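What follows is a group of structures, each given as structure tokens.
The two complexes that follow have subunit A in common; it is paired with subunit B in the first and with subunit C in the second.
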Partner chain A sequence: MNTLFWRTVKGAIGVFTAFGFLFLIGPLFVIVPLSFNAEPYFTFRPEMLMLDPEAFSLRWYENLFNDEEWHRALFNSFFIGICATILATTLGTLAAISLNQSNFPARRTVMALLISPMVTPIVIVGVSVFFFYSQPFIGLAQTYLGIILSHAMLGAPFVVITVTATLAGFNQTLMHAASSLGANAWTRFRRVQLPLISPGVITGGLFAFATSFDEVVVVLFMGGLEQRTLPRQMWSGIREEINPTILAVATLLIIFAVLVLFTVEWLRARTAKQLQPQ
Partner chain B sequence: MTTHVEFKNVAKTFDGHTNVVEDINLQIPRGEFLTLLGPSGSGKTTCLMMLAGFESPTEGEILVDGKSVQDVPAHRRAFGIVFQSYALFPHMSVAKNLAFPLEVRGIETSRRNELVDRALKLVQLEGFGSRKPNQLSGGQQQRVAIARALVYEPELVLMDEPLGALDRQLREEMQYEIRRIQEEVGVTMIYVTHDQGEAMVLSDRIAVFEAGKIKQLAAPITLYEEPDDPFVASFIGENNRLFGTVTHVGEALCTVDVDGHTIQAAQVAEDTSPGDKVVVVIRPERVSILQSDHSLSNSQEATVLSITFVGDHLRVQLDTCGNPDFIAKIPNIAGHGSVLKGDKVNIGWATLDCRALPIR
Partner chain C sequence: MGKLKASSLALPLIAFVVVTLLVPIFSLVRLSVYDSTVAEALPKTAEALQAWSGTDLPSIAIYETLAEELIAAQETRELGRVASRVNRILSGSRSTISKTPRRFARTDAPDARQAFIEIDEDWGELAIWHALRQATDTFTSRNFLQAVDFRLMPDGSIERMPESQQVYVTLFIRTLGVSIAVTALCFLIGYPMAYAMAHASSGLALILQVLVLIPFWTSLLVRTTSWIVILQQQGVLNDIFVFFGIVADDNRLTMVHNMTGTLVAMTQVLLPFMILPLYSVMTNIPRDLTKAASSLGANPFQAFVRVYFPNSLPGVAAGGLLVFILSIGYYITPALVGGSKGQLISNLIAYHLQTSLNWGLAAALSVILLVGVIVLYIVYDRFIGIDRMKLG
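Let's turn to the complex of A and B:
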């Protein structure tokens, strides 16, 4: 009776998990086959379900690569994403290193401030950044720089958090050792600290890039026609002309996100291996 | 010999009121092996860290070759340092670890490789250059750490409990290794440890630390034979302690009353006067159990409480002069079997083998 009870519980948990996957991850996978739809609809037609080769096509992908607007959106997303990532990673890493020094004044408060963009509702961030940046003496609304700065602010908390986590496992005596061997502060950072915390830096950077890459609210407020990014373009695509090009973009974004996740996992495993004593 | 390193009235406080170390005065001649010995928290590592440049003295100054190093940052001091945790760079191979200080100094590749090879040979690790630190045993990592501290030929090497993480056998092996290397290279060595045996084996001189102060600074044999501080007497080796009051002071000798028993002791502090509280210390191996026809300048009655057979000697616990924990080490030679538990015996020791140390 006891085993029967536990078997039932296990079965129930299994069913629950299956539903969890179905409702959370399932919708994503529906998008993939639909993006190969030969017709401009968002639904599976009977031919597709019968796996008729005629019902599938790459036309939406072709469309994506031939269309000027999508081109620019793709370029904008990467340009803004990469710039914001470099900024967020550099500043976030430096911040994390200083915040991990025990003599840093008001450490917790500064840390909380740096992390706050992560928990502030994004609409509020969008509105406030827009009002602040459109002041005449700042004039950063509808500019690349404005969006890059806002995205860097949104991405930096991830870097601060991941680098702080890596620093917890970093042996500070190594810095003393390096300095006793004659290395100045910059050499110590470049040759000893940075290589050892690089998994944290890269992971944080990837998260920062992902944040910028699928951010739409700030771009809605801040971006002009010139600065439309992929999510912003999809947004208008859905509102104005419903066609499966959006699904092609979505598929590519899913693949991209999966690659990012794999990279993060791989880095994590590599660090664990490197630091493991034998 | 010229003075290499000097501590002048050095004091350090981290919180502004309690001194971690105070009144540290040390003169270390070039080429000496000096050990800072003391229990944990006695300030020895703090002294080393101040010399290394990772901490700065609150008061006083540290001189190297007669010049204050107050404003010299750690990376310009060019001392070799071996850390307790080895502090090898885990992402670099052994050879890269050794080459690091040479690269930083801009030494060209061929010369660099030569020096790295020589350092590896010095610590008997030829052929280990391409390994990563985590592929080495603790003892090997320690050798790499030593090689790295020596590879750029510093004149001063600091070691902070370098053998603390090793097992006993390896530790003893490495002690002789370190001494050999120090003699071979001829550097000045400042070594921190809490292990008095290690300090005795390695050092030319030992500074014994307690509660932030140097209690005695002397050669190992002097510390053992002529401790002039109660802490040193009990920290270095084993000592019997008898508390008493000085009754009479003679020339370099004094008479002490211990629980009604009169003891003749070598007098340590020159200003000792009758009425002073002192602790009389006697090494267990200097105590003999006297045959009836024999006498020494000190002889006392004692009761044998227990006898432990240790191998080369017998450890006899005696109750004498009001101390039920008085130990005598009797050499394992013919005739020792005559002493049995519960016996009343006469024990004795020479005046110069017991010292009266003032209690301050």
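Let's turn to the complex of A and C:
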């Protein structure tokens, strides 16, 4: 067959692929300009398309910054997110270091257990912790602690995965060297291993934070009015009274996501460089 | 010492996951088959009914015991829960049970049995007694039966639900269908995208990677919101269609709050989970392979089907299974953009938890869903390996 035919096929696939990228990223770009809409609509009005400055405004952002409920939600998201991240990162890093040892017993089963929160349908997690924590002798429903524990459990697998991946490139002879120089186990960990795997630990922590920061089902089922987080507040906004303030929040969250993404990629590049043989 | 220390550092997390996930799930499984409300509220009645023949009305003594215990239950505020449990077995019995202790003291019938029948004729029928006896069983299969559209009759026999109430099997099938469709769509759209990322020039590849990773890191709620904005009747896509005259202004398409909304939004949300594993496999496929195939006379199509694609299969399997596992338990997106026609099994679980308060049924549906996911998870571990799961 002739080359023209194959060029056409390639071109068609190229166009299809381009539409794929548009499908994936386009929706996010639609939200950003609409959050500056001067009118309480979720659509572009002709004035906006003509770039008439009158059609744009910051009123939804003003709304957002003046609203007590959103303040509380923001505080809750960060408070719960940071607590859950510290817990998940500490437990996850320790577990990953331990799983990295070649003589770890039943490694595969333990790994499957530790990763399982990631694939358990979130509704099942929500329903289970709701029933379990509501029992009178536990009493963790509608408390910060209950939500933090659940979020830490959901975030820990990400830490285990990223730290395990970083450790795969970690040179164990460094630990033997430190040991022969008289360092005890804690010093070896603190001064040799941790600095080298820290990009993996931080990446895992960011994943854990993002997991908590975006989690809505556990908060929905188990949290009270007092524990409303950003996604929980958005959920109500979308379901009950749809309001462009949601789009302003969404825009800020997109910016946040971009910042997290670049941090993670920067850390990844750093790890790759660090682990290269000198 | 070495072996002990190696595993001991993992113990805190193991214990943490057991306490915060496994134990709660275990209590969920228990809830799906266990209900001691009635057995605990009416212990003497429960015991007496075990000896009851079931063919004649119970003895006057049993009526007396029941009266006593119902009055006690009313005082401890357990009566409502007892009545709704029995009502699930025999609908209509809720009011019969709730009003009995209130009125019992005021009747002047010669014995307890006649007093009960005076309060409500149903107490003279066997049905409510069968229902009551069944409700005193602490272990029950009724939730699981109901989860697959069967019901346990008051006399203990099993029947199919009336056609109008057969909802769950349909819903499981719908959930399965949506998961297969979403996985297929993600594969179809994601495969060429991963290919482009893996084989573009380094500058373009970097841009494409960023384009995939931004949505990956963006809040699920943000992405779902954006689909509402795009797909609603007065939304961006309909505006574009109207502008180009594809649809009439008074005949705008309904693309959200139905199955279309669920499918489109879920595909976009899960697409990165297909692309990233594919990409990581594709970057490791040597370019020389396809070149070798071409030099041996294969046309581009043959080179792709017979050489490139088989080499990318591990990525297809990893991405496909991951997307499938995630979509089968999907909740948020269908709840927000699915309307009533685009709801999946997770949404019904949430409904029974929050609205109908039929917790036993919510638990049974969860257990069935969970078993499905566990099977898939084991398959994933066998064929792909959990420790090879990569992120971003």
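To be clear about the criterion, the second predicted complex is superposed on the first by the 271 of 278 C-alpha atoms of A that agree within 3 Å, B and C clash if a C-alpha of one lies under 4 Å from a C-alpha of the other, contacts with A are read in each partner's own complex, and residues count from 1 in each chain.
Quick note on the criterion: contacts are C-beta pairs under 8 Å (C-beta built on N, C-alpha and C of every residue); 3 or more make two chains touch, one makes a residue touch a chain.
Values in this document were obtained by computation on a predicted structure and should not be read as measured data.
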Consider subunit A as the common anchor and indicate whether subunit B and subunit C clash or fit when overlaid. fit
Check the residue A:Leu196 against both partner chains and state whether it touches subunit B (first), subunit C (second), both, or neither. first
For A:Asn171 in the superposed arrangement: first (subunit B), second (subunit C), both or neither? first
Could you let me know whether more residues of subunit A are touched by subunit B or by subunit C? C
Considering only the touch criterion stated at the top, classify A:Val110 as touching first (subunit B), second (subunit C), both, or neither. second
Angle, in degrees and to the nearest 10, that opens at subunit A between the C-alpha centres of subunit B and subunit C: 110
Now for A:Leu94: first (subunit B), second (subunit C), both, or neither, which partner does it touch? second
In the overlaid three-chain picture, which partner chain does A:Gly182 touch, first (subunit B) or second (subunit C), both, or neither? first
Lowest inter-chain C-alpha distance for subunit C and subunit B in the superposed arrangement, angstrom: 9
Quick check on my understanding: which residues of subunit A belong to both its subunit B contact set and its subunit C contact set? none
Per the touch rule, the subunit C residues reaching subunit A in their complex are 2-3, 6-10, 12-14, 16-18, 20-25, 27-28, 31, 189-190, 192-193, 195-196, 208, 210-230, 232, 234-236, 239, 268, 271-272, 299-301, 325-326, 328-332, 336, 346, 349-350, 353-354, 359, 362-363, 366, 369-370, 373, 377, 380-381, 386-387, 389-392
Complex interface listing, subunit A residues touching subunit B: 171, 173-174, 176-184, 187-188, 191-192, 195-196, 274-278
List the residues on subunit A that touch subunit C in their complex, please. 1, 6, 9-10, 13, 16-17, 20-21, 23-25, 27-28, 30-31, 34, 41-44, 91-92, 94-95, 97-99, 101, 103-105, 108, 110-117, 119-133, 135, 149-150, 152-153, 156, 158, 160-162, 164-165, 207, 210, 213-214, 216-217, 221, 231, 234-235, 238-239, 242, 246-247, 250, 253-254, 257-258, 260-261, 264-265, 268
Which positions of subunit B touch subunit A when the two form their complex? 52-54, 73-81, 83, 85, 87-91, 100-101, 104-105, 134-135, 148-149, 152
